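Shared chain: subunit A. Partners: subunit B in the first complex, subunit C in the second.
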Partner chain A sequence: MSEKRQLCLSGKGVTKVFGHGRKKTVAVNNVDFEFYSGDLISIVGESGSGKTTLIKMLLGLTSVTDGEIFFMGKKRDIRSRKNKKEYWNGIQAIFQDPYSSYNIFSKIDTVLLDCINMRGGRRFPIKKKIEMMREACSFVNLKFDEMTNKYPFELSGGQMQRLMIARIFLLRPKILLADEPTSMIDACSRATILDYLLKLRDEIGMTIIFITHDMGLAYYVSDSVYIMERGKFVEYGSANEIILNPKADYTKQLLDDIPKINNPWEFSRNRRPAETGAS
Partner chain B sequence: MGKIILDVKGLTTKYVTRFNEDVYAVNNVSFQLEEGRSVGIAGESGCGKSTLALSLMGYYFAPLHYMSGDIIIDGNNITQRDPNDVRKNVLGTEISYIPQAAMNALNPTRKIIRFIEDVVRAHEPKASKKDIYDLARQRFEVLNLPESTLHKHSVELSGGMKQRTVIAISTILSPKVLIADEPSSALDVTSQKAVIKMLNDLMDLGFIKSMIFITHELPLLYNVTDDIMVMYAAQVVEKGTANQMVFDPLHPYSKGLMGAMLVPEEGARDIKLIAIPGTPPNLKSPPTGCRFAERCKYAMPQCKVYTVEYNDVENNRGFRCLMSENELREAYAKEGSQ
Partner chain C sequence: MKSQLKQITRSSKFMTGFILIFVIVAFILIYPLFNPGNPLEMIGLGTFFRPGTYVSVYDSLNVQRTYTLRLPEAAANRIDGKLSYDDRESMRDWLIRYGEQEGVAGLTYEEIDTYDVHALLALWWEHYTTDVFIEGMITADRRLVARIDSRVERIFEDSDIILMMYNYETGEYEEFGVVTATDYVNIREVANTIWLPLGTDNFGRDVLKQLVSATGASLIMGLIAGVIATIIGLTFGLLSGYLGGIVDDILMFIFNLFTVIPGFILLVLISFAIGQEQRGMLTVAIVIGVTSWVWTARSVRSQVMSLRNRDHVNLSKLSGHSLPKILVRDVAPYIASYVVMAFILQVSTAILAEAALSMIGLGPMTTEQATLGLMMNWAMNFGAHLIGAWWAYIPVVLVIATVSFALNLMNTGLDQIFNPQLREG
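Showing the complex of A and B:
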């Protein structure tokens, strides 16, 4: 690439400690990271490795115990409510559990209307607002006319997750944090969700930070991969580097435990002779 | 060909909703399971995988109702028997079931050995404590679980350990068929492998004669079972050996599922992930004709009219489509070349 890539989110010595004294737990331990704009970054780790805590710190939902986070090259300042709101214009998230991500009292059109209002469309004529909502719904293949009078819990898991993407479509953030957006839905809808996420990335040119424990998924979607173990990044680099030639022992073990097609587990009954490759 | 352990013939069960509507969640499912083999059931959520597992136990409770069909385990038909009789003589010894969140089933106030005593005494009321303990100890030793687990409460165990303990408890009476309904979906990859390895050991050591494994994760299924059966909208659409199903699927739906697989292997990035458009039909009023026709790329006008039957191609392989084997293969080859 000829032009210099712009740094959109970076951190130095970011640490999060829960409790103190003997009961101290270091959830995120002195991590450094540099996320460039336009990239799709995956953070992979097992449960309890501190992925979600890191995401919550990046979003500003929990305080940072130590270290600095830089947003668009500048030191992040979200101490006042006004600054925080402004920060959230640039950074948004999709969470793991679609069922608990909505306000159960507001209908779907209210959910979408809030997004328009948040982006400064409060004074738009109602027709334009409806047009925008319709566009967002059709982007993720939901029928807006069927949605307006429904509550979010009347939808299926896959539909809810798609509505989440419609929200992001209206909000147009610079960075999207996706915390295991596909772990609660089945393999078939997963492909649909990924499709829309990647389409959305091309449409509004945002950076996606993908949190997952699924190596296959991380390999498929991401440009660069960070492997996290017990609050530390043990390895990072481009997806091909990490997944095909892992260096750290932890990564090797993680890859070894994933069910694969061309190289099944040693006790699997379907071990094919090596000479017959994939179809 | 081995002895047939489980023979399911035209099993149909339904749910009755609170508005008195019938939802046929398992519709005319037939398959056979040989001794020493395992079958995996794959499909989207809501296609009836878990309901099939519940129906196979022969123990029905509202809102699930038995409609028709036979379940023959080792020569005995277990349908239309008294629920108490089924609970006493079938569950645990003939067929055993591990639900999705099995690890939450353990009562936190009791020790693990007490659960085993419960299970064994339900079938042999006079069994002595010492005999049960010896049986449990031997079984745990063979399965590489520490003996100390028996004296622990469930809260002292980790998630993967709990799941393995539950599997050991539910197979303590050596059932002929074990049904595992997503036993590893709540675990991380390392514990998942341990659980799968244990299920495999149980098969190899002959404690269970055959296994039905349910999951929506195809790479996992390929690593676990001999055969794979794909379900769509309460019906079986295709069955074959794992290798046939993964590398040479016939039904367009299976083909679509195999296209949505994600594995961290060389070349996986270059394959474009293709999602099947649309959503499964509502089972309250299933469409006439082929249930997949709405979403099928190769659908013809007659697909929506004629009822499509499940046809056997060869031994242990069959699919449900109006097109023939060769027509389907041609269609896929044509698409692949484009």
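Showing the complex of A and C:
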């Protein structure tokens, strides 16, 4: 890994505490991290370990109880609405549950139109907007003409998540936070979603922070892996280091939970859906 | 959306409530077409006329054709009509006292049936006399009994009544007709008749006509108060639930304040402070709305609290939408069904609040329009319940109960549709 790599998102002592007194929950406990541009970083941990809370903080959707977050090397300041909008131009997310990611009362087109508007396309002629939406849809192999005038609940979970990727395609952020984007959908769609994510990454060259509870999946796709246990990062390093030479007990335990058939790591490593060549 | 509409029409509870309200509203709209005019017009010079059909005596005497009928029941009806139940009680009272004093057997309470007029009259004619001085009877009672006796004497007199008319030219009375006890006229041929299904009230006003217009007025007041309460409650609930933090703390403090002080007491105090002159129907409706939003605000708040962490709201934020846009587009539709339910309940409670407020004399001060509460208030002030004029207040109570029952039924029906756990079977 070269020295010139640029920090895009980092944090120092980031902490999140819910509630107070006896009902206090420390969801994220004093974590430090350094995410580099162009990498695909996985955060692995079992459910309840604070992954979602961490990315909500990274997105600026929840307040940070303690600690600092740095965006592009500078201390993040998103107190004003203008700054927030600016920030969200550079950092976007795909959430865990596609079924609750859509407003069931608005048609699907509005999701994509919002993205075009956000990227300064508010005044575009309607024809151009439709062309952009069609392009985004075809990127994830959805037929735009079948999508218009549909409500979200008329789509399958896989289609919904693909549409979320189309949304990112239109927004072109520098950083994408993907919070277990495949955990709520069926196994067949899972691989395609991953494929599209990686294809999108190659297309617009963004950093992906990929949250998962699946160690195997993290290994296939990521450059570096952070292991999270009960709000703390217990281990981090490159995918190879972590998988082949785990130090923390928790990591070993996670690795043991993956079903393997005679040393599959070497084998699968060669079959990664896309090579990570961005850095 | 469509399937929910279908479910609504299938919900028997909702539909029952809806049809009840529909019938009431239809009646309010249609009745004035058949019985036009001012509902508060005083048609009677007197108070609390019983329900029934009223025929102009003068006109019935002037009807061209009269029919001579010999009806078997007629005599009995006339006796019933001339001898009121109170009179019969007085007669029995006298007979019992007489029996005790003179030692006449067969004159005890149980043996005198005041409903059997013929037997009573037989006993009366056998025993009544002014010669005996009955001890313990006050003079007024004695005179009353004497008056009854003279009336009883003439009960079976069916001599003809001669009608005279003053002649202005000669200055004398001239006979122009004779009416006998067996003369009848067709009610259709009498020029002036009026049907008062619910009689008249203390001012001699048609109760049914007044009730129809009062129900309409109360519904409108309920709607106005409901809209105001829902708008305030929705706004505060949305803001406090969505924003959280200090805004929520401040608003919660206000909610708690309004919850701890009973709404009705607040309502009474404000209405009293406003003063008599300013208290029109609109003012009272506004005051009711302004004091009853807390309940809506609280429930909207808790709904919004669970919504604000939903991912579609987060995504909307990430798309750079402003707070009002998120509230209107991403939060409000999810609680819309709930707000409709809350609104229906608000209308119902507002109608009850108006009735309660008017009962204690703090309702709208108006002489142009009756409301359900005002009708109750008038009935109470003029002692309808003491006189036994049930028609002046029982129908009002029934209408209030029906309207509120129907609205609550609609609410329960909707609740079962939107909260499937509550569905039976």
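Remarks
Quick note on the criterion: the second predicted complex is superposed on the first by the 258 of 279 C-alpha atoms of A that agree within 3 Å, B and C clash if a C-alpha of one lies under 4 Å from a C-alpha of the other, contacts with A are read in each partner's own complex, and residues count from 1 in each chain.
Definition applied: a residue touches a chain if its C-beta (ideal position, glycine included) is under 8 Å from a C-beta of that chain, and two chains touch if they have at least 3 such contacts.
Worth saying up front: this structure is predicted, and the values here are computed from it rather than measured.
More residues of subunit A are in touch with B than with the other of subunit B and subunit C. By the touch criterion stated above, A:Tyr220 is placed in contact with subunit B alone, subunit C being left untouched.
With both structures placed on the common chain, the touch criterion links A:Leu244 to subunit B but leaves subunit C unconnected. By the touch criterion defined above, A:Leu112 lies against neither subunit B nor subunit C after alignment on the C-alpha atoms of chain A. With both structures placed on the common chain, the touch criterion links A:Thr192 to subunit B but leaves subunit C unconnected.
Within the superposed three-chain model, A:Gln92 lies in touch with subunit C and out of touch with subunit B [touch as defined at top].
Contacts of A:Met133 after superposition: neither subunit B nor subunit C is touched.
When the two complexes are overlaid on their common chain A, residue A:Leu255 makes contact with subunit B while staying clear of subunit C. By the touch criterion given at the top, residues 56, 59, 61, 81, 84-85, 88, 92-93, 95-97, 100-103, 105-106, 111, 114-115, 118 of subunit A touch subunit C in their complex. On the subunit C side of its complex with subunit A, the touching residues are 310-312, 314-322, 329-330, 333-334.
Listed in rising order, the residues of subunit A touching subunit B in the complex are 46-47, 156-158, 185-192, 194-195, 213-220, 239-240, 243-244, 253-255, 257-265, 267-270, 272, 278-279. Partner subunit A is touched in their complex by these residues of subunit B: 38, 44-46, 188-190, 192-193, 196-197, 200, 216-220, 222-226, 242-243, 246-248, 256-257, 259-269, 273-276, 279.
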